[in-house]
Structure formats: C-alpha cells, structure tokens
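Have a look at the structure below, then the notes.
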Amino acid sequence: MQLVDEFRDPALAQALLSRIDQLMTQTPLAEREVVRVMEVCGGHTHTIFRYGLDQLLPQGLELVHGPGCPVCVLPRACIDTAIAMAQQSDVILASFGDALRVPGSHKSLLQARAEGVDVRTVYSPLDALELARKHPEKEVVFLAIGFETTIPATAMTLIQAEQEGVDNFSMLARHISIIPTLQALLDDPELAVDAFIGPGHVSMVIGTAPYQFVSQRYQRPLVVSGFEPLDLLQSIHMVLEQLATGQPKVENQYARVVSEAGNAQACVAIHALFEPAQSSEWRGLGAIEGSGLQFRTAFSHFDAEQRFAAVLQSEPAATPEYACCGEVLRGSLKPRACPLFGRECTPEHPVGALMVSSEGACAACYQYRGDETP
Amino acid sequence: MCLGIPGEIVALETDDLAWVEISGVRRQVSLACLLDEQTRAEDLLGQWVLVHVGFAMSLIDRDEAQRTLALLQEMQQMEQESENAAG
Amino acid sequence: MSQSSSRVTLAQGEGGLAARQLLESVFLSAFDCPELRQLEDQARASLAELSLLGDRLAFTTDSYVVDPIEFPGGDIGTLAVNGTLNDLAVGGAIPRFLSCGFILEEGLELELLRRITRSMAQAARAAGVAIVTGDTKVVPRGKADKVFINTSGIGIIPAGIQMAARQCEPGDVIIVSGTLGDHGAAIMQARGDLGLQVDIASDCQPLHELVQLMLTASRDIHAMRDATRGGLATVLSEMAGTAGVGFQLDEDALPIRAEVRGVCEILGLDPAYLANEGMLAAVLPESEADAVLAAMRRHPAGQDACLIGRVVDQWPGKVQVKSRFGGRRLLEPLTGAQLPRIC
Amino acid sequence: MSQSSSRVTLAQGEGGLAARQLLESVFLSAFDCPELRQLEDQARASLAELSLLGDRLAFTTDSYVVDPIEFPGGDIGTLAVNGTLNDLAVGGAIPRFLSCGFILEEGLELELLRRITRSMAQAARAAGVAIVTGDTKVVPRGKADKVFINTSGIGIIPAGIQMAARQCEPGDVIIVSGTLGDHGAAIMQARGDLGLQVDIASDCQPLHELVQLMLTASRDIHAMRDATRGGLATVLSEMAGTAGVGFQLDEDALPIRAEVRGVCEILGLDPAYLANEGMLAAVLPESEADAVLAAMRRHPAGQDACLIGRVVDQWPGKVQVKSRFGGRRLLEPLTGAQLPRIC
Amino acid sequence: MQLVDEFRDPALAQALLSRIDQLMTQTPLAEREVVRVMEVCGGHTHTIFRYGLDQLLPQGLELVHGPGCPVCVLPRACIDTAIAMAQQSDVILASFGDALRVPGSHKSLLQARAEGVDVRTVYSPLDALELARKHPEKEVVFLAIGFETTIPATAMTLIQAEQEGVDNFSMLARHISIIPTLQALLDDPELAVDAFIGPGHVSMVIGTAPYQFVSQRYQRPLVVSGFEPLDLLQSIHMVLEQLATGQPKVENQYARVVSEAGNAQACVAIHALFEPAQSSEWRGLGAIEGSGLQFRTAFSHFDAEQRFAAVLQSEPAATPEYACCGEVLRGSLKPRACPLFGRECTPEHPVGALMVSSEGACAACYQYRGDETP
Amino acid sequence: MCLGIPGEIVALETDDLAWVEISGVRRQVSLACLLDEQTRAEDLLGQWVLVHVGFAMSLIDRDEAQRTLALLQEMQQMEQESENAAG
C-alpha cells in the first residue's frame, strides 16, 4: 500500500531505535530516572501495541496512553440516552461500530439491539443520512462522536440534510474538542508526563498552531505524529531531542498530511453548525470547560435531544463511572494496575470504556499483551 | 483516534462525490471538506487524500512524504556508517 | 390458467402433495442418487463397503445462514457442501455422504432455490459425495431470512491417520493453505452496506483432496483446522488452547491479498479474524514441512500454502504474532463481532 | 458490574470467545460426551464397533421449526431428538449418534435455550444416543423465529432387517402404534390463536425400542413410517404410491382421542392429516399381525396399537377409507396447509 | 360426542336406506327414470362424500350438489379487491381459512401472503376485531363471507366495534342471501331438480317459513336438514315420501336446532347493519337480484370498499369465470364432466372456486372419490 | 355451508361471552345472538348450543333430538320386524 508500507520499513525503524537509545543513554536524558511521553491519541496507542513498539524502547522511556479516543471518553449517560431514543418505535439509531459496544448504565447499544431495538452500524455519517432517505417512515438518529477529525463529517452531513430537507434525521452529538481536553490534562497536578505526541488526524483539521500553549505555557514538547510505526518512532525521537536540548516547541512529523493552518473548509463547517458548550462531562476526565460542542440555534432542529426531550425527561441518572478509568486516562495509572483489568473488565465484557475500543488503553493492553501478568 | 487511510481519487461521481482507491478497493467519499472557490472536484482527480469516515479530509503531500523518508534513510546511513566505524 | 406460484408457499412445508412436488421438481432432480430415490425416511449404506476406505467414521454438521445468499465465488449452496466437507477433511476423513436440511422463508423465489440446489449438486458432484437424505421446512414470511441450509456429513478416516489439536507440540511448525480472509472480505463487499467496490471472490472450495495429498506427503501431521468463522486467529487460538502450547506467528509471513488488506485498513479490521471457506491451518513437525508444502502447492487449493509460524513452549494456550520490528502482540480469539471502526 | 447478557447476541454466532463461552456454558454442559469433548471439527467412531450392531448404516436429517417452541408434551428440543430418532427407527435402525445444528435469533432468552438443550440432553439420554457434533449460528433479530434446530442421525440396521415401502403387497395389513393427530392438536391449542382450551399433549416420544420389539416379534415387517407432517393420510399415501398398491382403512378402527376429534370438529379439520411425533404405521403380512400387535402393546409407546386396514389390489397408489355405512372415500395426501374452515 | 354420534348410527342408517329403497322401487317413484334431489348446502355435500352416502343410494336416485357454499360463489374480482387492500402497507387482511385459497384473477390471498402482504386466518370475526384492538397502528380488514348463518356474527362484531369505537377495523363484505339464490335457481329453465334438501344452519337463523314459496310456487318438496349422516338420509326419505304422495311442502328434519321462526335477535342484527343490494354477481351463478347485502348508510364507515375507494379505482377488471363452474353450481353438469376436473383444476391448484372449499362440489368429488374415472 | 357444532355452555366469562365445551375442548363463544330482554347469560348455563364462527347461534332442543332418534329407532324396529317376517 502506497504511503503506508514505506512507513513500516524495519531497517529504518532500527535506525530510529538506535538514535533513541543513544539519546536516552546520553546526558541530559540519561540522568533522568524515567522519561514519560504521552501519546494523546488512541490511534497511536493502537500502533504501539500492534507492532509492539513499546517493547523495543529502551529502559527508562515510558509511553503513557492518553485520553484521545472518543469512544473511551463517552459517558455512560450518553449510551443510556441513545438507548432511550432507540427504544422509541420508529427510531433507527445509527453509529460507528466502536460506539455500539460501549457499556451504558445497564447495557450497551448492541445488547439493546439484541433485545429488539433497531440499531445500525455505519461507516460514515452519510450512510446514516442515506438510511433516513431510504426510510422516510422512520426517525433516524445518528450518535455522533469524535474529535475534530470527525466533526467536519458530521457537520457536512447535516448541511446536506438541511439542503435536501431530510427532516427525519437528527443527531445525538457528543463531540469532543482536543484543545480544552489537553488543557485540562496539563492543569492536572497529578499529570506526570514530560512530552506529548500530538494527534495527527485531529491536526490535519485544526492545524498545528493551536498546540503552541503546550510548549509555551506548560513547557512540554509536542510533536504531531502520523500513525505508522516509523511516524511514531520518529516523533518519539523528535520529542526526546527537544527534551535533550531543553527547548520545548511544537513540531510536525506528519507534514505529508498536516499543515500549520489545518483544513479551513472543515473548520468553517464545524463552526457553522456547532458552538462550544459551557462544560461537558467525560468518562474518566470529569467535567471539562469548553470541551463539548452544542448545536447552534439555527440548527437545533437536528438536535436529537431536543426532538426527544419528552422521552428523555424520565431518564434515570447513570450509574457512576469506575474511578480507575479516569486515572488511566490521565496517565497516572497503568491499565494493568486497575484491579478490574482482565478480571471483571475484559474486551468481551467491558466495565470501563477504555476496554471497548481497540484504541482504548486497557483494550490495547489486553488485546495485544494479554498474556503478561500485571 | 480517528482511523484515516490514504487513497487515490480515481474517478468523480458527482461534483462533490469521488471514488477513492485504496489497495485495490474503491469507495465513494465526499469531497466536501476539500472544495472551495478555488478548488473544484476535477482538480482533485489523481490526487492522494486522507480518508476518514467517508470524507476526504486532507490532501496528501507526496513530496513531504518523500522528504520524511529521505531524512530517515539518511539517518539510517549515518547509523550504519557509525556502526561500521565502531565495528 | 392454473395459478401455480413461482415462490415457495407454506403448503410446501406441510408434508403432503405440495411438499412432494417441491421435493420432486427441485431437490430430487438436482441431487438424484440411489439412496435418495428410495424415498425412505433414512438413507442406508453398507458398513462393509465403508470399511474398505478406513477404520473410523467421521460425522459433522454445520448450518449456513450467510447473507447475502449469493456472492462472488459461490452461494449458500456451495458453502453448505464445501463447508461440511472441509470439517470432515480436516479430520483426515474421505467424505462420503451429506444430508441436507432446508429452512425456507415463505415467498422465496423458486428460481433462487433452484440455483442454490444446482450449486449444491455441482459442488457435491465435484467432490465425489452424494446428498443422500434431506428435509425441507417452510416458515411464514418474516420468520426466517430467505433460506438457511444445514448439511451434515459422514466420511471415513483411513487407518493410521490420527490428527487432533492436543497433539500440537513445541518444535512443530504452522502452515496455512492459502490467503487469509478472502471469504469474509467477499461477503462484506457483497453485502453492499459498506459501499466498497473490490474484486475479491470467496475462497469457498473443498479441501479433502488437498488434505489427502498432504497426508500422502506425511502421515505425521499433528492437527488441522479449516479457518472459518473467527478466522485464522480463532482456530489457532482454539488449537493452542486445546494443546496447552504457544503458537508464534511471523506477521510478515501471513499471506494476505492486497484487496483484503485494503478492506481491512479502511474498516479498521484485522484479516486474521476474517473468515475463510477453503483454507486450512495445519500443525506438523518441522521435518515434514517441506514435503507437505510441496505437495500442497501442486493442488490448486494449496497454491499459496506457506509456513507462518511455529509452536513454542512459552505462553501456553496463546497465539503471538511477531511484528517485523521484533515486537509481539497477542492474537486472542475473536471478541464479539468485528465491526467497522472509526478509531 | 460486568454487563453479560441474559440473551443470545450476534457475537455468539461469530466464532471466537463469545461463541466458545456459549458452547461451554450451554451445549457442552448439556450434551457432554467423549466425542464432543474432543472439540474437533468432526466426531469419530470406530467402524468395527458399529459393525457389531448390524451391517448397514442409516442416515437421516430433519430441521425443526415448531411454533410454539414449548408445548404440552415437549418442546422443540425433545422433538428434534425424537423426530430424528424415529426416522432412523422406522428403517429398523438402532440409533447411535446425533448431530445438532442450532440457528438462534439474536435476543433469544438464554434461559429458554438452556431449557431446550436440557430437553434434548434428556431425550438423548433416555434413548441411549449421544449428541456427538454440533454447530450454532446466530442471525440478527427478525431474521429467524427464536430457534430452529437441525438434527441428523446415524443408526445401524441389524443384519437381515429390510423394510421398504415398495415391499407392501395385497394381503398385508396396516397397523398404527397410537392415536392420530395428538401432536398436531397439541400444537394448535398451544399456539393460542384459535382460542381453544383442551388437555392434549403431544405424543412426542422415541419409537426405536418399540420398533425393535416389533422386529423381535416378526422380522417380516414390510414397511414402516412415522406419521409426522401431513399425518397418517400423507404417509400412507406415500407408501401406497411407492408400492403401487391400494390401502383400505376402516374408519371406525382409526384410534382418535375424543379431544382431538373435538378440535377437528370445531375447526373442520380431518385428524388423519394432523401430525404425530411418536406414532408409526407399519405394513406387514396378516399372519404376523397378532404377534406384532401383542409385542407393541407391551411397550408404553404401543399401548393403543391397532389394526386399521389392509393392502388391496384395487386403486393402486390410493388410500381409501370405508365409512361405517359402507361408503368409501379417498384419503389424498394433504393438499396445502390445513386451515380452519367455516364451511 | 353428544348430539353428534347418535346421528351416525349405522343400524339406523341401514333402516333408512331400506325405506328409501322401498320408496324408490314402489309406484309412483319406480316409474320415474331418475329422481334428482339437490342438497342446496355445501355442508351436506361434504357429509355425503365423507361417508359415501351417494354410493349407498339406489339406482335412479341422484344427488345434485347445489350452490350453497359461500366460498364457491365468491367472484374472482372480490379476491382481487381483497388483495389490493392487503397490498396497502399498514393493512392486515383477515378471513376464514377457506377464503384464502380462492383464486383471484392472478393469485389467491395465500399466494399474495407468500409475496409479502399480511394475511391472517381467523376462526371468528371477533378474532379479526381482536387483531384490530391489538394493532392500533394497523388497519384491519375482515373479508366477510357467508350466508345467513354467518351474517349475524359479522353484524354482532361490527356492533361491538362500534360500541368500543375501534376505528381501524373495516369489512369487505360479500355476504349472500339464500332465498334470492334459491329463487334464481328455480327460475332457471335448465334446472332439473325434483326436490330440495334445505340448509340446516341458514335455517336456524331465518327459520323455515321463508321456504314456503318453493313448495307453493314451484311445487318442489323441501326438507330442512341437519348435517349428520342420519339427518341427511332421513331428509332424503322425507322428500321422497313427499314426491311419492305428490304433496310438496316444507318440512323440518332438523327440529333440534331449527325453529319455524328462526333466531329473531340474529335477524335483527343483520337488518340493523345491512340492506339488500340491488343485484350482485356470483361466481357461476351470475347476477342475482337482491342476493347481496350492502352496508346501511349509518354503518358505511365500516365498509372497506369506501375506506379504500382511492386504491380500488385502479383495479383491473377480473378475468372471466370459467363457464363450467356455473353449470355445476346450477346442477346441470356433474363435476367430472367438466373438462378441467382433475387435470388443470385440482384442490391444489383450483381453477374454479368449486375446487377450493371442501364443501365445493368439485373438491368434494375429487377429495373423496378422486380415483374414479369421469 | 356453515360448519356448526353442538356444545355445552359450561361457564360464563362476561355477560355475553361464555365457555362452551365440545368433546373435551373449550372455547369462548359470544352469546350475543341468543340474548334479549327475556334471556340473560345465566339462563343459558348448562344449555346446549349450536356454535358457528365463535357465536352460539341457536339453542339445541335435546327433547327434539330424542324425538328424532326415537322415530328412527321405531322405523328400524319396523324394518327388522318386516325383515324377520320376510326371512
């Protein structure tokens, strides 16, 4: 595969690994007991485990798996709401495959489907819109999740629905913005992370400029990275070099896809449809100011929560999240240190959302390294 | 997060829908996020894009890709040389 | 003027005349053989004649519910014959007889049913087995999805052949007969709901000839499985679990078609979990591998045969994949259905 | 806190861990036997050991789609075991092995599935057969009706026993082992949509012991059928058709329970077309009848056995019923489904 | 079974058969070449064939099978209309089992069901009403057929629907009245029938009085008969006695169930809901004045034909009925004399309606005497 | 036409619905066609009725049934006597 296989070359990886080894054994990094690099993005976590990259890194260099998986941070209450909507006769609830396995207070959407509600997996929000066109007698609700990578797709789909006048289509939108999330992480006094690998695909939308505060205000290096093994190793090398020189800045390893400015059209679409919500609650992260998005008034007719307000009034409060997930998300606990890991909590029967998506720190850890004892 | 995959725009379906080919597989993707006054769908034919949930989200700069790889190859050569020197 | 229908009716599942006519016009004409023609409630076969082929009976069953019913490379009928043949084949058995149970949805197009039965008849003929007994039920519209087929198979295992997962042991190597996930990818694309256009055909094919060739090359094959639902990852996990040994695969050795890889990259799936319907994995002493692989490659079903890993005495019950970078990851049996991912 | 479901999920049909857990928690625990425990793709059995029982293999298959799944006198599980046993039994075979293929609808209550598998296990144990190989598929909700089961059966026919419909000849008599239509009437009432309340249980039961007792009383039984779908009328028509002889029944000799007659009178149905699931019809020389009937009546499944008619050389291929008034009518095989009539 | 088995006693039947023999061999009946007795009612036809009674009757006494089966006279166009209604999404069409197999111009309701429309078998019109209660989101149409025996059930069901305000329930009513039908038969110059066995269950509703015209105006004996073998043999004996004495009158063999006055409540219900239609077309019988019933204006909201008027406008004309059916219905042709009998036309694939219900003269003849060559 | 079957009213369900028993089988039937000012459901308990499509359509007069049978038995006796006389 072009533009993929080139970045999986083992010989080049070997060279990067030697460089990394060298940096770690030289002053000043050799003096540190441990260097902690957080890959913010679950896609990076996935690559790391898929190729066993963490096993190849030198002692003292630790990868911390961050909160950058939109599925993992989805609160139970959101699933409960989606199920309540799906339980209305006439409703088809559609979402991405990963969202369907997230546990709600009592069950996941897949389990609700087994009990008879109409839940569909789609590859694209456009496929959900197509469902609405094909089933005019039904109300199609799309459970919209994702960081800025995905929000433009949601927004463009809504713009198309608006243009065509498809009125049996709405969204339960639980989008999350990366910058306020990073900000909250950095403000956490328990955060023990020396540098960041920045999310490549979010950045192709928002560009690299918005990360400046990470290096400027919080003095942490950040390298926006691609998702292939070489991308990650190179990015790790780049943050280590910054740490070695003591000059934190924002760099872009993924220049083939990401520009400093990002994708203007995509950003325009996001802002046309959505505005930041005051404060949003995320699984494991708690309430983060400005991290959620809400429909602008002009588009609130697409807001499934308004359409189904009557139904949702009677929603019971969600059961509280399991505490360890939050610590893992913030990087202060390793997945295996959670007492539920691999026992009550497995990819088959996830307790926390980090066990759901293969991007989730716990699932990746279990799936790709399940044999190691904690 | 955000599974994205590079593909080549091999055909146009409408003025904002294109066929993208990825390792022999074709799928329709929306070009909505790449079009503006300056950019029409025709201009994108033959280009490589990063595809996410059915949308082309970014043009891929193949020269940049080459530059990144060239850098890594250079690094490898230097490593080998220093290894040879050491060995 | 008589209004005979081009669709299956409930009456055809009630026994009686309508059922008889369906039997005669569709099934008997397609599957004709002496045992079926008796129209007794059971087919009969001489034990003495069967004993000429081997010393043990092999017996297996599978139901087929594939959606869509017709797909590139086959249909539910070819699948129902080859799938059950393969479950006999991987035990070393020479398949002899198949049974065939249809569950039809009221309103099914008779022409579709005829195509399916023709596929079955052709697949059975090609494999040298007879469909000797059958049954048809019709359920009201909406109570089934067009057509489900169960086939059960009887085969004879030649004396001296003894394959079983528990025999896998460290030092053995693992080979596969073909590329991973062709059937699963073909079905996903045929379903159409993911909007993928790709030229992949199911690998649906019988493997018993290939297996007998392998056994001619070496009687010392320890275990065999056809990698169907859950894919290679799942059958290997099962074998490793049964034997209590570890399997270590070399990621770069796994044969995967470019198109299948493409589908997997787009949807975020792992080809090791996609189904095949004409591919097997075998575990055998390293000393036998060359001879067995050479024999396999002479057969069309084994052209892409290759060695993909070995049995180790670490990680009992687990399958590990070593990446090209030297890192390893676990290949757990499939957890839940594979769903397209965004992240 | 883990949300494991009390219902069947699609994942359990995908192979992999969920499927494995369903297999272990429901099927293996119910059907435990050495062949199943191997968890190979096929069960294996020694031909030499089977040859001790007889000289021919008998092989049959049936799918079960009964609605409702549970009914007075049994459930789909007991039916799936006994129905297939009986198709072996009426060929004179001693049943040995069953396969079992489940098609489950997503969302099926696991507890119901457990009840069904317990029924199957119990029925198999009672009959002395083992369920040695199986398969489970799960289809999306709405694509099947709760649960369908296919069972295939293997039995051994003792040397010297040769029953076949073509052997029926004028001078033979026709006997049945029990009352007509009990299963059909029980199902109709259990379905509930006709609003009938009546105390009728399905006659679902295994017949192989009864058949072996009959064969001990006389090896010269010409043919046998279990009267299932389409009822006695349909199986007799088939036998008469195959043999090219006429069957003449004595209407007053047909054993019918009062309640079954009541159901039939209310709905305008004929009990001769209602299904049984544990009743057989046999055709044998008149000289053997007394001995065979006496043997049958010693077995619980044959208590109501009686002679109902004889084979004649008129009306080849047809079944006639002589009324008590001396008039006769034809009993054609069932035409279409039996539907409640108003006129 | 009480009140049933007593009337199936073979010894008593034997006595009746001797009496019948005697009558037929004595003057004046012995002088006739043939005596033709028409059993008007299909139920009687059914009993005759079921017990082979016709085989027991003496030479020269011929039973002619009349038109008294509501299924047999149902025109193709009625089935076409029912199918057109059933094809509307949201419609459940319900009827008695016998009606579902009647061929329309292109298919029967059972065949339409196989193609996907929602058609249900019910035992009672009350069951159809129950379907409407259970499926408020559906429109339940009951195809109502039958002579006066059944019309009160239809009427009472509608009265109940009216009282409960069930408004998703309507009927496609194709009821037929016995008296105009008999009248039309008697007016047919080709009718070659000497006496009638009258329909027992119709008569329990309308009483025996309405038949007086048969004996008075048309000089034919008529005996209202029960449905058991002894009932029929006794009734045959009774008409023969009348023929022997030359005093045609209306007699009642079925006094245990039928009174002279009939069932007043049932008649009131019929007349409350329905009024005679001017002229109705029946399969095989052609148009008969006053034989059909139509909804009274006050109840026309239950008329499915009005509810679905928009749909029905585009109904194609039904293909014409096969001519022989009519001759068989009028008693002028024996079923076996129809060139289609047992060849193109069988109970499995009926061409004419007489092959559908087991009450139909052709079906009864085929089912119970299929082995005889024509 | 018009399948009708005799059954006994064995229980009342509502004031116009009753349970009828026919050869050991029970079904609910409507009494609507038998009720008027003079006749309430209670009066029908224990009576035999002719059932058609879920409605009790007529009371059955068991005395009439007996009279019919008595007539036939008498006829049979006469037949036998005349036969004996002839034989």
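A few notes on this one:
In this document, chain identifiers A, B, C, D, E and F correspond to the written order of the chains, with residue numbering beginning at 1 in each.
We take it that a contact is a pair of C-beta atoms (placed from the backbone, for glycine too) under 8 Å apart; a residue touches a chain by one contact, two chains touch by 3 or more.
Per UniProt, the chains are A, E = Hydrogenase maturation factor; B, F = HypC/HybG/HupF family hydrogenase formation chaperone; C, D = Hydrogenase expression/formation protein HypE.
It should be emphasised that the depicted structure is a prediction, and the values quoted were computed from it without experimental measurement.
The chains in contact with chain C and with chain F alike are D, E.
Graph distance from chain B to chain D, where chains that touch are one step apart, equals 2. By number of C-beta pairs in contact, chains C-D lead all other pairings.
Interface chain C/chain D: over half of the residue numbers present appear on both copies, so the contact uses mostly the same residues. Centre-to-centre separation of chain B and chain E, using mean CA positions: 78 Å. For the pair chain C and chain D, the distance between mean C-alpha positions equals 30 Å. Averaged Cα coordinates give chain A a centre that lies 38 Å from the centre of chain C. With each centre defined as the average position of its C-alpha atoms, the distance from chain A to chain D rounds to 57 Å. Within chain D, the positions touching two or more other chains are listed as 9-11, 17-18, 194-195, 258, 261-262, 265, 268, 332, 335-336, 341-343. Contacts with at least two other chains are made by residues 1-3, 5, 22-23, 52-54 of chain B. For chain E, residues touching at least two other chains, in rising order: 1, 4, 42-43, 69-70, 96, 110, 123-124, 127, 146, 150, 348, 359. All chain pairs in contact, by the document's touch criterion: A-B, A-C, A-D, B-C, C-D, C-E, D-E, D-F, E-F. Chain F makes touch with chain D in their complex at residues 1-3, 5, 19, 22-28, 51-54.
Chain D makes touch with chain F in their complex at residues 189, 194-199, 258-259, 261-263, 265-266, 268, 341-343. Chain A meets chain D in the complex at residues 103, 106-108, 110-111, 113-116, 322, 344-345, 348-349, 351. Remark: chain D residues 9-11, 13-20, 38-48, 50-51, 54-65, 67, 86-88, 90-91, 93, 97, 99-103, 132-135, 137, 139, 142-145, 148, 150, 152-157, 164-165, 225-226, 228-231, 234, 238, 242, 273, 275, 332-338 touch chain C in the complex. The touching residues of chain D, counted against chain E in their complex, run 193-195, 258, 261-262, 265, 267-268, 315, 318, 320, 322-330, 332, 335-336, 339-343.
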